[in-house]
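Chains: A, B, C and D, in written order; residue numbering restarts at 1 for each.
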């Protein structure tokens, strides 16, 4: 099972609204956390396609002049994450083509697992690829099919494997597609009665749209003229929604598959309090990821929440060419400790994950240096020991601290009085059934 | 009392460190919240001056190539705030001149109140001004004096009135100056034994420098060769540190004049709990300003803290030309409400100030629409009813809601069950003596 | 016969030279006159492809850092002309694809005349087009073929109609292709014995390469390993080289199909002197196009050449949004008349063409106002009355002055004492056989 | 006699015209050849000053939006030349100040020779300089004076030495000033009856203004309200207009001090024909500088003019960091030889000057390699052997080929059959009296 470069992404679509591209820009801004490398918007006035893409943040790429040029009442958009790999404008999305069906534009969140085989097969049938994106493969499959679009999409879904939530636009239709496992989230909303699609519901809030429902795993929803046409692949596998989205990645104000992200993280914290009833003086969250779990832990334990780490709200990076040690150094810039808040205290730090352990270690060191009496770390999910093939960009397994050390070794390396990960039982009790847990337990749903 | 355009600012200085300009860039980044319009760094290698300024954020203006060109082991820097007035690169700081003393570069935080009189007097003596900055006035005074630099600075301090914290650089010296009232903060630190100066102590933390002490109101500290020379103006007035810096403006992890900003805000919240013992279900903070007061209120009252407003951590602005209604609209983008957290609840919102009231109003509206049972707002300082002439950029008095409405009128306009400002007694009890309270009570220290 | 947007272009290729991309940049700079809208370079190190494209002039798009990233010893490049149509980076060339053959990059000068039919046919076979360029059609044809590359190119040539000179690059080969009519020029050179390809020979001069020979109409030249393999399509039509290239478009220091552009233009002037033996006092050239014909006219007639129009060597355009009247106005900025040189004189102006007549008219007006005694205009080719479908971007026929007026009407509109176009006989006598004359006589070779 | 960095420059002023700044932009564009490093425009609406400066060409720096912001009906502008020294935006002009007179903006062409002494004196009087420009010195002198502006300018002129043509703007006046020697040109024109000032008359042509007269050496012309007030310094020295401007620097379509630049250069060529009656076959000009002299030589000698060197009309520079050898290499890019035009011929090259000799040498080498029978070079002025202190940026004397070699040594180094410089007698006969010849004969007018 070989894979191509992974990426997080955010997608958005809207139909039948004046200045559709402007709504797309605000929607993408709301889900900017899903990808900061590049962004793009394609729109249509029912006749022509318009498109603009750029590197960087949505607010840098789009302005009034550019949005005015993106004509029409239907638009789709995409945010792309900066992986360590090659970052190029030519891989930015949405990707638009002209084919015998007319125009098709597509934006993709997720990662296919049979990319290489599909590309080889398509190349052997004469396809020339201009990018290295999954999207181009899916567009090639759609362009070759002689069937109606809904059937062509179903055929495509029978060929591609892996994780994909899609928004697709033609001159006349806006389409939402979610893979049969439902790895990546995708929601439907309405604005003045017109359809809106987004990776996360916070993109609805920013434009005043109303959340209607999730796109179901394996479902295709086609908005065309004033009709909605929905269809679902046969022989659905068990749904395996990505659990890590909810632990770490999604915005806390989003609702994903009926669950409040805030509520889940709060419950992780309550559950941690039950599993690890530490005699601490203060509960200290790390960033937003840990905050809601810390609120839950504080409430359940009765121990006071103290925001001892203060966030610098401006962008964080080095002024010089970043190498790993520089990246570690600047990661710390994001959070600054108020030493007197932890001095002499038994400190319980709540974090959402420990990946490589380097940033965590330097933060613990600062807490120690500030004179904390005890330092405990609780993590709101089980330890990460496997790579993700469905679109989350973890480092190599060789760099995952939990894949290469026992829990006690990690505790010692991080210089902790105690270290606790949320148990798999506790984790699943909060999340419920139907999640992909591969990065924790190695059970890959598509293999 | 006429005044020129006001501005917040952040200043930084460092001496005897290799790559001094790079430290200055990190220091300015740490105090980016004090000014986002423009930034600049001047450095010296003991012989020549080097300088770079630009519009926008520190991380956008400086890169490795530019920092490499800022040679030498001494550097000063400046962040400037975007006021509504004219924003021009020519007013960016530090400002550097060549005069009979050699080179002098200066960065200024604060606002002089006798600018116009001083400019007229200097112009009558033949001075030609190239900018509209206070800094140029101070440099003109220094350039004209035949006395040694410390005496020249003292003479200058006897002429200028108002608020000023300064870092000054010559080919051989780094100098910190604070006005006799001490309006704006200024701290001294050391890095490997070498001097560092900054508006806020969080700039020391980011580069690993150690906080040593405040620059005292009316004090001049000159670092030259390996000596420190300090001097203080005679006939010092009572110190009147800016209280609003601590309420709203300073980073919570800074220590200002011996006080932890975090601690003060927490105490405001505890005091609010005493003054306003509301029967609420949840305490909801607004942004960072309200967060620490909310933590204090929650602890004192025993009412649960709920982070019902979620922050979008990316820059906030409109894609189209901003007008006031657009600015109000995008102000909301910054915070998104999680409706189910307030539904059916008696909500106590803690905010740090209500200036015009428009943003506050739209947030309360959302809480109401989400089905809150009651909505109360508590403000962690007294009502603002006067302008500031010392460097804080409030809107016209005509737009200050508390200057034009009774407290009950404001409550009705904002559609609240109750509205409470921290009492002046409570406010002063937390802050202690020696603060400027002019924006609340109209007592201007320099008149 | 329908056609897609037309364009001039310049192409370049080089193989087996270190820093191949840098040579490509200089080569493109030398033929910058063939296209100023966008430029691009693709290179290969034998394994991977590298690529950079941008809008504007070569010297603005490429710098040392970018050229360093274009690794490898083989590179091709392309300049694209700014037509009035949509100018987009996505249509910039070279265009690179990955297909079953591996990588192929292609740069095209010319214009296909059966684009629409080919696109429809390919779309019906399942091809999805991402651009509106001819290049993508040719790449699609190559990608679908199962034959060896040379045969695949021959097959492609049997399908496409119109004008095309191509440079093609694979991981191992550099290829030159010229259409069977030979509309657009293409030359082969060597640099240190290694192959170089360019639209015009002046691109060889700038890098010190040696001109070897023209690529023959209908010829494919493949440089692979250290071999050269050449092949030619069967059933070649009569060659119809573009005559207007030599009149107006090519650089005078280029040699095109064995003819010196300078020499041809000089001979046009000599021939004009024979056809129009005007009793004038001075011969005045318009820009470079008229200069060499004017030198020929002056020599043949014995009348003195006077450079009464002085060129502003800097870029010419309006500071405000250009409309047609503004464009006419700024067209004049390019040339400034020295009035005393024409005062009281019988002036013979030599120009290379009169297209819409507006710029010409305003120049003649200035000569009249300066007090010229007589004003005559001689044009170094016959009158333009037909559109070009092979890559030269003339305005609509409705705007071609000679298509809508008799010669005497034009003379009156331009306020001339006499107007003379070079006769078709004279024109062909200078040029020799084998040229496309469609824009003058409407005989389109491909119909 | 010590001097600061020298520079060419172009200046422009206009009064009482709507969109004055736009006229200034076109005027500066017309004299772009006088300076390409930076450009700036300052305007006034009678109350406030507006200003914009940037690095690079006028057409890059200004656009419609920026010009719209430069309000008012009076504007002055400046082009600055890229010397090898430090190029910084802070040294760009015009320079504007506020002083007891109100606002003053100034743009300067030339170079003062007593800069250092004046700066020291002014610094001792308390002046703080922000730039290293001459302009700031002159503004400081004006700002200090209590006399009316015309008298203050006369006083300033009595203190500064060297070359200066100035345009000065106040809220109500536009002023032209020329130094008593008249080193640099300055002309007055009218547009719709309103005053225009420019370094060269070609700036009048581009905006349709009419040339009125030269500003006389030592003259001040003040346009205020609807009056013109003119005054002249007493005890005028002999006028010493810069002769090299006319040889090389001015545009051929300009008239300078009553002389047509075209006419002068043509006459240089005629005179060369008399002094050097070479038995050649063709006359070949080098660039524009040599062209008009070549036309004169060709006419006087009856030898045919052949434009064997072809100019690349696009900007010339290296893609990589330029060093001297790279600069030499790219200097050649500007001109490309058509070899067959010189093959077997006795070639007479006409150039305007030989400074270092390197570019000249490489061009001669190409002519030899092309098979020329004989190569002669004639230079349209005497040999350069002295530096200029009045604003022309020659290299160090050590690098001037004629300062370090006999004429015959130069001939040998350049591999010529003969080399001829225009005799000083011939040169002066064409130019007439009243020129500065210091770079040829070392007689500096101000010493």
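Observations, loosely collected:
One rule holds in what follows: a residue touches a chain if its C-beta (ideal position, glycine included) is under 8 Å from a C-beta of that chain, and two chains touch if they have at least 3 such contacts.
As the structure is a computational prediction, the values presented were derived from the model and not from experiment.
A centroid comparison over C-alpha atoms places C as the chain most distant from subunit B. Subunit A and subunit D have Cα centroids separated by 61 Å. With centres set at the average Cα position, the gap from subunit A to subunit B is 36 Å. One simple way to say how far apart two chains are is to compare their mean CA positions; for subunit A and subunit C this gives 50 Å. Contact with two or more other chains is made by no residue of subunit D. Shown are all chain pairs that touch, namely A-B, A-C, B-D, C-D.
Listed in rising order, the residues of subunit B touching subunit D in the complex are 51, 90, 95-100, 104, 119-120, 123-130, 139-140, 142-145.
Of all residues in subunit C, only 22, 25-26, 29-30, 32-33, 57-59, 62-64, 67, 202, 205-206, 251-253, 260, 262-263, 288, 291-292, 295, 299, 304-307, 310, 312-315, 317, 319-321, 333, 336-338, 340-341 touch subunit D in the complex they form.
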